[in-house]
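Think of it as A, B, C, D and E in the order they're written, each chain with its own count starting at 1.
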Amino acid sequence: MRYDKSQSHVQLERNASQVPSVLAFNQTSPDANRFGESFRILFRWRGSIYKFIWKHVLVYYFLFYLLSILHGLLDIERKKTFEALAKYCLKNTNSINLMLMLTFFTTTAMQRLFSIQIMIPGTAKVITFFIMSLKPNMPEGPIIVEQFARWTVLAWILTFRVVCKPLRKMFPDMISLQVAGIIREKERCILERVETEGNKTPRALIVIDWMLLLLKETAIHNRFTEKSNHLKVLDIVMAFKKNCGNIIKFATKNIPYALIQAAIIVVYVYGLVTLMARNFEEAGNSGFLEGIVNYFPVIPSLQFFIFLIWLNFGRTAVNPFGTDDDDIDVKLLFDTHVQDSFRLASLYAQDLEHVFGAMPQ
Amino acid sequence: MRYDKSQSHVQLERNASQVPSVLAFNQTSPDANRFGESFRILFRWRGSIYKFIWKHVLVYYFLFYLLSILHGLLDIERKKTFEALAKYCLKNTNSINLMLMLTFFTTTAMQRLFSIQIMIPGTAKVITFFIMSLKPNMPEGPIIVEQFARWTVLAWILTFRVVCKPLRKMFPDMISLQVAGIIREKERCILERVETEGNKTPRALIVIDWMLLLLKETAIHNRFTEKSNHLKVLDIVMAFKKNCGNIIKFATKNIPYALIQAAIIVVYVYGLVTLMARNFEEAGNSGFLEGIVNYFPVIPSLQFFIFLIWLNFGRTAVNPFGTDDDDIDVKLLFDTHVQDSFRLASLYAQDLEHVFGAMPQ
Amino acid sequence: MRYDKSQSHVQLERNASQVPSVLAFNQTSPDANRFGESFRILFRWRGSIYKFIWKHVLVYYFLFYLLSILHGLLDIERKKTFEALAKYCLKNTNSINLMLMLTFFTTTAMQRLFSIQIMIPGTAKVITFFIMSLKPNMPEGPIIVEQFARWTVLAWILTFRVVCKPLRKMFPDMISLQVAGIIREKERCILERVETEGNKTPRALIVIDWMLLLLKETAIHNRFTEKSNHLKVLDIVMAFKKNCGNIIKFATKNIPYALIQAAIIVVYVYGLVTLMARNFEEAGNSGFLEGIVNYFPVIPSLQFFIFLIWLNFGRTAVNPFGTDDDDIDVKLLFDTHVQDSFRLASLYAQDLEHVFGAMPQ
Amino acid sequence: MRYDKSQSHVQLERNASQVPSVLAFNQTSPDANRFGESFRILFRWRGSIYKFIWKHVLVYYFLFYLLSILHGLLDIERKKTFEALAKYCLKNTNSINLMLMLTFFTTTAMQRLFSIQIMIPGTAKVITFFIMSLKPNMPEGPIIVEQFARWTVLAWILTFRVVCKPLRKMFPDMISLQVAGIIREKERCILERVETEGNKTPRALIVIDWMLLLLKETAIHNRFTEKSNHLKVLDIVMAFKKNCGNIIKFATKNIPYALIQAAIIVVYVYGLVTLMARNFEEAGNSGFLEGIVNYFPVIPSLQFFIFLIWLNFGRTAVNPFGTDDDDIDVKLLFDTHVQDSFRLASLYAQDLEHVFGAMPQ
Amino acid sequence: MRYDKSQSHVQLERNASQVPSVLAFNQTSPDANRFGESFRILFRWRGSIYKFIWKHVLVYYFLFYLLSILHGLLDIERKKTFEALAKYCLKNTNSINLMLMLTFFTTTAMQRLFSIQIMIPGTAKVITFFIMSLKPNMPEGPIIVEQFARWTVLAWILTFRVVCKPLRKMFPDMISLQVAGIIREKERCILERVETEGNKTPRALIVIDWMLLLLKETAIHNRFTEKSNHLKVLDIVMAFKKNCGNIIKFATKNIPYALIQAAIIVVYVYGLVTLMARNFEEAGNSGFLEGIVNYFPVIPSLQFFIFLIWLNFGRTAVNPFGTDDDDIDVKLLFDTHVQDSFRLASLYAQDLEHVFGAMPQ
């Protein structure tokens, strides 16, 4: 009848070999003024720009060289037309002012991301407050505490299932949650009935209703140390509920689609134009320079790749709960919340003597 | 005498076939690094840039080709004048620095939008706190709770009727609210009298006054579990009131009209000038290029369409309660709040046993 | 002895014919995607750009045509000098990068404005909390409540008199406040003495001191329902006081004067230079184009007018309590606060039965 | 034994002739749409740009004309070299993109300034809460209140002495504080000992410790009206402490030095280059234009002066507690806080009858 | 058994010779309008731009002159190719629009930095609230207080060890913390076991759990002055916990790596291109100018160095807990927190008489 620690423990196992503080430490950013570290940054693969743009670079240069080879094969008349077109494209690339638009898009998306990062609902505060507001050493205490903790985690999961594809894959339906030991038979039935009956209440809200009822019952049966604790814990539950709602609002009422489309179209059109844009005039009659213009287009294409990366930052920030490298790892977060709920629930029955033996008091 | 659940339920029916979590899930933004998803984004119609600009594109290119055809029909002398004018326009388009102005306009409008999104008043917190602060199992409890919940929703509606055209259409007068079962006869009379008597108090404030009186009565009749609950609930009611006020402030004391006008005028003038602007010089004597200049003006016009989209984002953000695709769906919000108020009001009389049968305690 | 409802009611009369929700509704911004509304926006006069710039436009074009006519009258030698000067000016206009500076100025000013808009002190919360924290049905209750409400409004007025010219004109001295029924004889004497005696305490603080003393007395005479209400109401009074202080801080410690001066000078110098700047070269030998250059300088001057509007937004935002079209209407706000204070004060003696007749409980 | 009102009153005297509301009113910003006011703004000297840049203008034009005269004296060969150099400089000035960098610097500095303006610790809230939380009419009350108020002001001064040069000059050591009647003999000894003994605790913290001890004593001797007041007042004292800490953090952990250096260097280098930059080519063979180029370099230098002003805004905002015209007047603030602490402390012993005579209750 | 004041005192000694207020005062920024100070700023070395870029400057000019010398040695044909290449590079440098990208990077990084600066968890508030909420003069009081204070500091250290390399070096393992007297034998064992057993709970959380248990025990043994203090202190402990979590989130979920990489690559590519970019055309046939172009490339390289400094600001801001000059000095912070915890813990047993002798009450 208790939520199966063993089972979910198995699932947690896979990451257990990593020591958390070392892990976190390795994720901190490097110093700015170390020469060596500059290079270490440049040669990192995971989450790097190389990983993102290498396909684009290949396609781009393939097309670019194709055009260059074509240019070499043309007769003089057509060469002129080619070069005129190249010049025309070059002129036009300069007149497109993309940077500001992309900066706006990326800045908007990133600001939303940063603001959501601090709004992500946490289960620890709710659970801790509930535990600490109870009378100690009640016989029914551990059961109530466990139930409350489990429901908090459940509300969290039901919220993130809505916005996070990986979590949705992990728990495709209510049965999978029961298998993972997070909900019980009866709860599953109720939650399943909700959606099949055309009830539009989000499931997370149903679970939060249960939490509210549990709070009420705790108050009625006089299990709080003080009567006023009831509203205090309620306050924290409502804040938790609001944060859950914010996550869904954030994910569904996002940056306008049209903005993403506009940014994508404009960047790729720009890329296509730069493919053709070549500065033959500057090359003049110097064969050496013409070679550079035709075969080492580093600088003209650099601008395009900057735009591409820019665009990518923005798009990654638009949906931070996906599977991109820089996305928030919701699965890991889930593991942490489950584990924390166990640990905190166990605090109810613990005291310092359990931890340290007899205290020096 | 109770508020007619059946009636408003009928109104809610139309959306009932949609399962909320699937719906929300489909509204989340796509990942950045999936190749296929980039295309899926580009080909979406709803809320897309295509939907917005296709009319403009048609008109623009119609006019553009008209001018191009005109150019073909001119004699050499007039062709020269035409080309001189085209060059003059081209030069001038480059010297207009719109991007920064538009970015300012759009950024300002969007920031206001984001900030209002988190200020939208919610009814759930007020109702939950009121219910939880009452003594349980009072015989008169359900009636009080229902009344308070209904008034909260009513204050919400009266607030949004002021700023949201669709909701105003849905409830054009107080009678329509009575028909929908949201207010009762007597309340309607009072609310109608308010405006006809030249009383300048917004109706929402009148309703909030009723809520305050109900709070006072609850306190006097000693129906709170603790005396101090009175001020706690009051605090939350005042926050609700403030948010209602903020919504109206936001909608009526908005971005200055002149700013919107300036942005519109400047973008369309720019569009008119680019219509004429053609780079015949670059085309030189290459007929091929002249054709491109005259009939494939993708790049020169791209800038204009970027500005147009930019402008549109800003204007959509200026009034988020309207009928634009990316606007906040106030009607849906209304349904949700009504439904929530039912569900929460029912919590007063419920306990966990009702939900799960005998609890394992 | 009570504050004269009749008198101030007369003052409120003038706006009474306007139904508030219709009024507010008409002030909401239009939708973005309606074709007709775009035009409605463009043809609005109140608060429009036309209203602001028409004088500037007239003066500008008068000077511009004067120079054009002068150019026509010159002999060839001087014409050349004129044209050289025109070209010189043209080059220089392009090299002045004003947009960013103006954007900075306007953004800074507008952000301050938006942040002050949500900090404007309100009287309703203070009064409501005070009323609700009192024991009900005390015989002396209505008098205390009325006094507290009146003092709150008085502190509000004394604060805004400092920053808002229209309100200062409405209440040039303490006598005028007494005539309007907002202060009583004795209070007026004390407030007048404050400034004549060289006491540097702002009058609003004196009034807030009275409110604090009234709170203390209420606590001593045990008129709060609970002892702890004293500090709760105190907290809200202190927040009110802080907001009053912020308004004065905002208005007196504003955008640096030098910044406003710099923006004004730069924009007008730019305007003077564009007056002379003409692109005769482009016109070449085409008389048609020369005519355009000389007599339809829409595009060159457009930039100047954009700057001018930009500047104006910034300057309007710098002082939002003045008489500009987009300024906050402090007088209307004052009326609202007076009216609210009446309504709220009356809540003390009211109960729901008064409003609805016998309640169904 | 009491803190010498007379003495510090003498110090306050010098500003006493100014009526605060008139003073504040004169500091509000002018309206945007008054023609006359535009001019009034331009001709103000105090805090104006003229005051800041007139020295720079003199030096700049002196050097500029020196170079112009030099140019006139050169032979043709050297003239050419001079003009080539001038052109080279001109080209280069255009390629330096300073505006964005300066905008970043100034925006960053100003945002920090605005955010610090609302974090400036105030003494009024702490003192008021302490007074109001005490039991009324205790014989020892006035002494405790006075001590607490004095210590609050003292902590405030010790904080601002750290960051504000003018205040440090006013109170160079602890003796000067004793002379001003703000600390007593014994307190001075303790505070002096702190620094000489190598104790690294900031003095302000020591004083706040005293305040905490006083709170504890008040609680132990049961002088609060309610026990829970202890933690409430503590909360406000801790907020005051945090704000004090923020001020010091702000002033010492500021904009990076390197950023200020970079901005200064870049602007002055730009100025040096524009000195030499002249557009002789445009002047062509028109002697009239050459004169303008050589002797009325308004436009080329305008850009430099804009940068200079820009830079100055940023630098002023970096250290808002200094002696610049737009800096926060900490001395005035100090006077206000001292005066407020007197007034508030006197509230303990006052009641409304003292103020108004017999109340109508 | 107590935490060894002597030991950690030795460690603190090294900084003891610095008087804190003088130190802080010297770190405040200079005024803007003092001529002398402008120069003082420019000639400061610590934290200056010189310190950062001198190596880059040396390498840059070495390479630049190498190329210049090479140019001198070439025959005419190759000189032409060289000059064509130089011109080609010059053109391309102008078309790269880096400033906006760098501004975005640096602004984003700095905003995160400023926001983290105000979120840094402090130990003082937690400890003070715990002490003040206890019943005074309990015999076991000092022991509990010391334990709570020590654990707070311990949680702080364990948090910062994760993100701050210097602190990690200072305390490489749990033993070193025991040697420093911050943890005791038994606690060390438990903390060491956590990571070796594959428990993924961060150590700081374990310590905070102890604090929660201690709170619970304090409540059970009725050691709080009021029952409600329990939840109040809990609230503050949870805020402390949240801030600890934010620090780790900030440091590990930072600016995307790819963004840093992109910024670095782009700036250095720009630098390489400017190395070759020379404006020989402008120099024309003037040998004097050619010399300047070849040997005094101040202005072309200036832009590169601005970019480099820009980049550096951003990179420093990305990791504010490192060893850069402008980084937050976590070690100093640590010393302060340890010292504060001693001082505050001692407040429990102190009263004002201890400090001042007999009080005048």
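Things to note:
Please note the rule applied: a contact is a pair of C-beta atoms (placed from the backbone, for glycine too) under 8 Å apart; a residue touches a chain by one contact, two chains touch by 3 or more.
No experiment lies behind these values; they were computed from the predicted model shown.
Between subunit D and subunit E the centroid-to-centroid distance comes to 26 Å (mean Cα coordinates, whole Å). Spacing of subunit A relative to subunit D, judged by their CA centroids, is 41 angstrom.
Residues of subunit D found to touch two or more other chains are 52, 100, 228, 312, 316.
If the chains shown are joined wherever they touch, the resulting network closes on itself as one ring, and no chain has more or fewer than two partners. In ring order, beginning at subunit A and turning toward subunit B, the chains are A, B, C, D, E. Taken in their complex, subunit B has these residues touching subunit A: 12, 15-21, 24-25, 27-33, 38, 41-42, 44, 46-52, 94, 99-100, 103, 106-107, 110, 114, 117-118, 122, 124-125, 128-129, 132-133, 136, 225-226, 228-229, 232, 279, 282-284, 286, 288-289, 292-293, 298-300, 302-303, 306, 309-310, 312-313, 316, 326, 328, 335-336, 339-340, 343-344, 347, 350-352, 355-357, 360-361.
Residues 1, 52, 80-81, 84-85, 87-88, 91-92, 95-97, 100-101, 104, 108, 112, 140, 143-144, 158, 161-163, 165, 168, 186-187, 190, 195, 198, 200-203, 205, 209-210, 212-217, 219-220, 227-228, 230-231, 234, 238, 241-242, 246, 248-249, 251-262, 264-266, 269, 273, 312, 315-316, 318-319, 321-325, 327 of subunit E are the ones that touch subunit A when the two sit in their complex.
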